[in-house]
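Single-structure report; data block below.
Naming follows writing order (A, B, C, D, E, F and G), and every chain is counted from residue 1.
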Amino acid sequence: MSRAVRAVGPGLLAFVVYIVFSGSVNTYNIVTGVVVAAVVGFLTANITVSNPGKLGEVGRLGWLIAYAIRYFFIDEVRAHVDVMRRIVHPRMPINPGIVRVPYAVSSDYAMTTIANSITNTPGTVVVDVDTERKVFYVHWIDVKGVEPEVTRGISRVFEFFASRIFD
Amino acid sequence: MGAEEQVTMFIMAVFPIYMAAFILYAVRAVKGPTIPDMVLAIDAMTFDLAAFLVVLSIFFKSPILIPVAIVLALWIYALDIYVAKYLEAREMGE
Amino acid sequence: MSEALYVYQSVGVLVPLLGGAAFALPLFTLVIKRKVFYDAYTAFFSLVALVLASYNYVLVRAEGKPLLYAFGGWPPPLGISYEVDEFSAVLGVLTASVMFLIVAYSLWYTRFMRGYEWYYTLLLGLETGLLGCLYTGDVFNLFVMLEVLSISAYALVAFYRSRPQAVEAAMKYGIIGATATTIYFIALVFIYGALGTLNMADIALKSRLITAGVGPISPFSNGLFGNAFIAASLAIALSLWAFTYKAALFPNHFWLPDAHPEAPTPVSAALSGLVVNVGVYAVVRFLYTLFGPKSFLISFRDAVMWALLVLGIASGLVGALLMAVQSDVKRLLAYSTVSHIGLIFMGLSIGTSSVSEDVATLGLTAALYHTVNHSVGKALLFMGVGVFINLLGTRDLDKLSGSGKLSPLVMGAVIVGFLQLMGAPPLGGFFSKLLLYQSLIEAGLIVPAVLVIAISAVSILGYLKVIYGLWAKPLKEAPKQVAGMAVPKTVVLVMAVACIALGVLSPMVTGLLAGSINASFTDSGVRDYVNSFMSFAIYVVKYLGGG
Amino acid sequence: MGRWQKVVITASMVAFVALLALALSAGGLGFTLPAGRVRDVARWYLFTTFNPDLELFSAMAPEGVTSIVWDYRGLDTLFETAVFFLAIIGSVAIMRDIKTGGGSKPKGSTGLSPIVKTVTRITVGIILAVAASIALHGHLTPGGGFQGGATAAVAPLLILVIFSRYYIERLGVSKNAMLAIRSLGLVGIAVTAFIVLAVTSLQGGVAYVFQNQPKPYAPAGMPYEVGGSLTGGTLLLFNIFEMFAVSAGFTIIFLLLAIPESEVLGVLRGGEDGH
Amino acid sequence: MPSYETFVMGVLAILGLVSMVAAILAILERDLVKAVIFSAIQSTAYAFMYYLLMAPDIALVYIPVAIGLYPAVVLFLIKKTERYEGD
Amino acid sequence: MAININSYLFTVLTLAIFMNLAISLYGIFARPSLIKKIIALTILADTANTLAIMVGYRGWPSPSQPVKPPVLTVLKPSREVIKEFASTSVDPLPQALVLTAIVIGLAVTLFLVFLTLQIYRLYGTTDVRKVAKLRG
Amino acid sequence: MDVLNNVLIVIGEIMVAVGAVADLIASTGMNRFPNFFVRLHAATVGTIWGAFVPLIGASLISIGADFLGPYRYFAAGGAVVTAVLVLILAPAGSHALARAAHRSRAARVFPKVVDHLEEDRGGSDA
C-alpha cells in the first residue's frame, strides 16, 4: 500500500479536526485545511497504520454511534454514581485489587478502545496489558471475584462493540 | 432576564464550586506523598481547568480564549507521559 | 518625501542582514563540506558589516544629527527604531573593525578545529548582538540584543566542551547572566509602567520635560502612570546592576576571569575587547541620554554616579592587584580587563550635576578614548599571545617562556599592545589615561585622579612579568608548527599599527572623539537625539491629523 | 558556603523585596488597582491594529498581539528567534560529532505500553491539525507561529518518549533534517522581513525593513486580503515559517537529550583540545 | 457590593498564593523530581493567571514552555544526572 | 480612597508575585544544585513576565462588563466597534514583550541544561560546591 | 430559533453543573482515598464527568448563545475538539501513570484484595 493511499485516513481526520477547530467554513479555512490535511497525512502515514477501505463501511459507523450512546448514557452513569457514592460515603466502602481481565479482539485499535473504555469508567483502571496472553490487569475498586468469568464482566460490553467497529 | 445575563449568573454560581475543587486538587498535588500521586492530581486538576477555561470564555464573552484549553490538555498529557517514562525506563530515549 | 524622513537603509539593513547570515549558515553545512567556503562566508559578512558601519559613521557626520531608522515604517514609540548618534557610530566602527580582524584571525585559528561551522555561526551571532546593542534606540530591543550577544558568548565560552573549566566558566557566566538580563527586564516593566514608552528618545524627552515643568507630552505616548520618580529610580538601579554585570565592574566581575580565558582565543579577544564595551555603552546611554543631567532624577543620578566612581576605583585596584599574581597569561589579561573597565567607569562617572558640562564631556571623551584604546590593545594582546599559546599548546607563563623568539614580529606587536595598556607615552593608552587624569582633576576629584596613576603603576608589574617571560627567558619547548602564519601576523601587525596611530595621532583622535561626545551627550546633543525622533513622529501626527 | 555568605544572600533578598514593596506602596507602578485606562501607546496599538478607515496607518490584522509581535515590533521577534537559534546551535556545538540515532537497539520491547502507543498513533494527526490551525489563524485569533510550533512539537516529543529514539529516527526525523527545516524556516523569516523592501527598491520606491502594510511615507505593502479572506500580509508568512522553525527546534533539543550517556562519553573520551 | 470583577480578583489572589506555596516548595524540596512537579503546579497557576488577565497569547506560549518543555527537559536532565540535591 | 476589596485582592496577588521573585532569587544564589538553580531561574523569569502582564491589565469598564483580550472579533469593523474595542481591551504591548521574553528565557534555559549535562559528564556531579572543589 | 437556542443553553448549563458537582466530589475523593491506585478512580470521575461533560455542555451553550458574536462556532468547535482529546488522552495518561507506578514500585498497592499483576510478574523485573 503506497504512502499516498495510507495518507488518506489521517488526512481526512486532520481536515475534519482543522475545520471543526477553526469553527467556520470559508475559503481560507478550506484552502489551508486541504494543505494541512495533505501535509499531516503525508507525515503521519507511516505512524497511523490504517486501512482506508474500512472508512467506507457505514455499518461500522452505526455500531460506533450505538456504542457511544450506550456507553455514555448507561455504563458511565452507573459507574460514576457508584464511585461518587463511595467517595461521599462516611465509611468509604472500597475493596480494591488488581485482577486479570482476558480479552479476545485482535487489532490494536480494538484493544485500545476496550482499554480506554475500561479506564474511562470509574471504578476500573487498566494498569497493565499483556498482548501475548491477551490479558488486561485491571485495578478494580470493588473486587467481586478473581475468577475470569467474574472479571470478564468488566469488559464484555466494550468487547462486543469494539470487535464490530474495528475487526 | 435575557439569555446573556442568565448564563453569566449561572457561571457565577458554579465558579466557587470549581475553585473549591481546584484547591482540593492542589492540596493533594502538594501533599503527594508519591510522585504519581502528585502528577495524577495535577492531571485531574488541569483537565478540569481546561473545561473550566472553556466555560469562563463564555463568561468573559470572549470565545477566542478557547485554544488555551486544548493546549493545556495536550501538554498535561505530555507531562503524564514523561513522568511515566521517567519512572519506568532506564533511559528517556529508549 | 519629506526631508525629515530620509530613509537610512544602511542603518536598518546591517543588523538583520548579519542575523540572516547566521541563520543561513547551518543550511550550507548540509551541502558544502569544505572549510574554505565557511571562511569566506564569515569573512565576507564581517567585511560587509565593517563597510556598512563605516558608512554609517560617515553618514552621521555628514548629516550632523542622529540617524533614525523606523523598522516596519512605524513611527518610533509604536515601532522599534534604530537611532545612531555619533557615539554609537564610533563604537560601531570600532566593533565592526575589531570583529573583522578577529574573524580574519579565526581563519588561521580554526585550521585544526572540529565543529568550525558552529563556531562561525556563533561568531556571526556575537557580532549581530554587538552591533544591535549599539544601534538600537529601544530599551526592550536592547534587552533582546543583549540576549543575542550573551547566548553567543556563553556558547562560545563553552566551545571547548571537553575542558571542565571552560564548561564551568560558561555555566557561571550563563546562570548569573540570565538572572541579570531578567532583572533588566523587570526594570523595563517599571519603565513602561511609569513612563508608558520603551523608546529611548521618548524616555529622554519625558524625563527632560518633567524637570522643565511641562507636562510630559509626546506624540504617541502621552502621560505618566503612578509615581514616575520611584519607578524610574528603581529601573535605573536594577538595569545598572545588569549592565555592570555585562561590563564586569567590581562586585560583578567574578565571572570574567573564569570565562574570558577559557574561550577560544579570538573569542577571548572579542569578549574582552568588545563585549564589555556594550555594558559601558548601555550605562552611558542610560545615565547621559535617557536620564541625563537635565532629567527629573538629578539627585538619584548623582548618587549613582558616586557609587559608580567608587566601584570603578575598586574595580581598577582589584584587577590590577590580582593581575600581578596570575601565572596563566590569558587569565592575567582578563584581570587587566577588569582593571581597565574600572578606569573607564571612573571616566564616565564624572558627570554629576555639580560639574560643568565641559568637564563631564571631557570625562566621557576620556572614557570613550580609553575604551577604544583598550579594545584594540586587548584584542591585539589576546591574539598575539594566542599565537604562542596555540603553537606551544599551553597557557602557563612558565611553559611559554621565551616563546616570543618564535616570531619576533608577533612579539613586537605584543609588546606594543602591552605598552598600550600600560600607558607608555607614544601610544594611545598614555593619552587616554592622561585625559582621564586631567578630567578628574578638573572635576576636583584629586584622590581618584591620583588613584588612576596608582592603578597604572600597580598594573605595570603584571605586564612586565609577561613581557619578560615571553621575551627575555630562554625557550623551553619546541613548537608544534610555525609555518603558515601569514594571516595572524598580518592581523597583529595591523592592530599594532593601529595602536601606534591612536597614540601618534592623539590630538586628531581626541578631537574626533570629543566631537562625537559633544554631538551626543551635551545638552544640545541630547536635544538632537530627541529631535530626530520627534520630527518623524510629528510628521506622522500631522499626516494623521490631516487625513 | 560559609554562614556569613548565606546571611548576606538572605539579607540582600529581603532588601530587594523590601525595595520592590516600597515601590509598590508608593505607587511606583501606579497599579495597586489596575487603572481603568490603558497607556497612550496601547490606545494607538488598539486603534491601528485593524482599522480599514485608516488604510495607510494600520497593521490590518485583528490580533493585536500578533501584529505587535510581527509588524510593529518585528525586529524584536526576529532576534528572539535568533536567540533561540543560537541556543540550539550552542547545544549542537556542545553535542557535536555525536550521532542522534547511534547505538544498537536493545532487545525486547521499547517504549511504553501498547495502549499508549495506539493512542498516540491516533492523536498525532489531531495534534498537528490543531497546531496548524493555531498557527494559520495567528493573525485572527490568539496564537501564531510560536504557539503553533510549540503545540506541534508535542507530536515528535510524544513519539520519542512513547516509542523510542530508534523509531523516530526511522521515521526520518533526524538532527540534520530538523536543522535543515529550522534553518529554512529562519531564512524564510529573514527573507519575509526584507521582501517588501527588496521589491520596492527594485522599482525605485521607498520601503522599510519589516514593512507590512503601506505607510503614508512608504506607499508599498503586502496585500492584507486575498480572495476575500484576511491574511494579514506578511504575518501569515511569518507565522508559517516560525511554526516550522520552532517545532523543528524543539525536536532537535529532544533528539539531543535522548542520546544515551554511554554514547556521549565514548565520543568525549576521544577528546579534542584547544586554547 | 461584590461584583463580577471581585470574583476574578479573588481567583487571582488565590492563584498568587497557590503559586507562592508551590514556588517555595519547589525551591526548598530536595528531591529534584518533586521540585519539577511543584514548579509545574506553579506554572499551571501562572497560566490560569494569564488567562484571567486576558492574555491568551501568553497563555498559549507559556503552557507549552513552562508546563510542557521545562519539566520535560529537566526530567531528561535528572534522569541523566542525579536526583537528589546534596546537602 | 476608601478601602476597596478589589484593590486589596490585587495587592495580595502583587505581594505573592514579589515573594516569588525573592524565593527564586534565593534559589539561584543559595541552593547548591545546578538543576535547582535552573528551576529557580525559570520561576524568576516567569514571575517577571507575570509582573509585566499585570502592568498591562486594566480595571473593568463597569462591574458587569469584563475586559477583553486585545483581539478584534469583528472582521468588518466600523468606527464605533473600534472605539468600543479600544475601551475594553487590555494593553497588548506587555503581552508582546512577554512573548519575546518567554522565548528568550526558554532558549537560555535550554542552553544551560546542556551545560549542566556537560558539567555532570566532566565532573560527575551537579553540586556547585563539589565542582568548585574538584576544579582546584 | 430562540427556543432552540434556549434549550441548548439549558442543556449545556445542566451539563456544566453536573461537571462542577462531579469535580467537587472527585477532588474530595482525591483527598480521602488511601493510595494512588484508588485515587485513579477519583481522577477518572474528575476527567469524564468533571471535564468531558462540561466541555460538551460549554460547546452547546456557545452554539446557543447569540451574544458571543461571530466567533461562537469557533468556541463550540474548540470545545468539541478539546472534549474528544480529553476523552482519548486522559485514560491513556492515567494508564501510563498507573503502569509506571506499578512497575517502578513508586506507589504501593495497599490495601488490596488481590494483585494478579504482581503474581504474574513474579516480582522479578521492574
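Things to note:
To be clear about the criterion, contacts are C-beta pairs under 8 Å (C-beta built on N, C-alpha and C of every residue); 3 or more make two chains touch, one makes a residue touch a chain.
Remember, predicted model here, so these are calculated numbers, not experimental data.
Touching chain F and chain G together: B, D.
Graph distance from chain D to chain G, where chains that touch are one step apart, equals 1. Using the mean of the Cα atoms as each chain's centre, the chain most removed from chain E is C. Ranked by how far their CA centres sit from the centre of chain F, the chains are topped by A. Two chain pairs are in question, C-D and D-F; the one with more C-beta pairs in contact is C-D. Here the CA centre of chain E is 21 Å from the CA centre of chain G.
Measuring from the averaged C-alpha position of chain E to that of chain F gives a distance of 10 Å. Counting only residues that touch two or more partner chains, chain C has 140, 144, 147, 151, 154-155, 158, 161-162, 189, 192-193.
In chain E, the residues that reach two or more other chains under the touch definition are 4, 54-57, 60-61, 64-65, 68-69, 72-73, 76-78, 80.
Among the residues of chain G, those touching two or more other chains are numbered 26, 28, 40, 42, 47, 69, 71-72, 74-75, 78, 81, 85, 88-90, 92, 94-96, 98-100, 103. Taken together, the chain A residues at the contact with chain G in this complex read 17, 19-24, 76, 80, 83-84, 86-88, 92, 94-100, 115-116, 119-128, 130, 137, 139, 141, 143, 146.
Contacts from chain G toward chain F in the complex involve residues 69-71. Those residues of chain B that touch chain F in the complex are listed here as 8, 59-65.
The part of chain D that touches chain F in the complex is made up of residues 1, 6, 9-10, 13-14, 16-17, 20-21, 24, 29, 31-39, 41-43, 45-47, 49-53, 62-65, 68-69, 72-73, 76-77, 80-81, 83-84, 86-88, 90-91, 94-95, 140-142, 146, 230, 253, 256-257, 261, 264-265, 268. Those residues of chain G that touch chain D in the complex are listed here as 71, 74, 81, 84-85, 88-89, 92, 95-96, 99-100.
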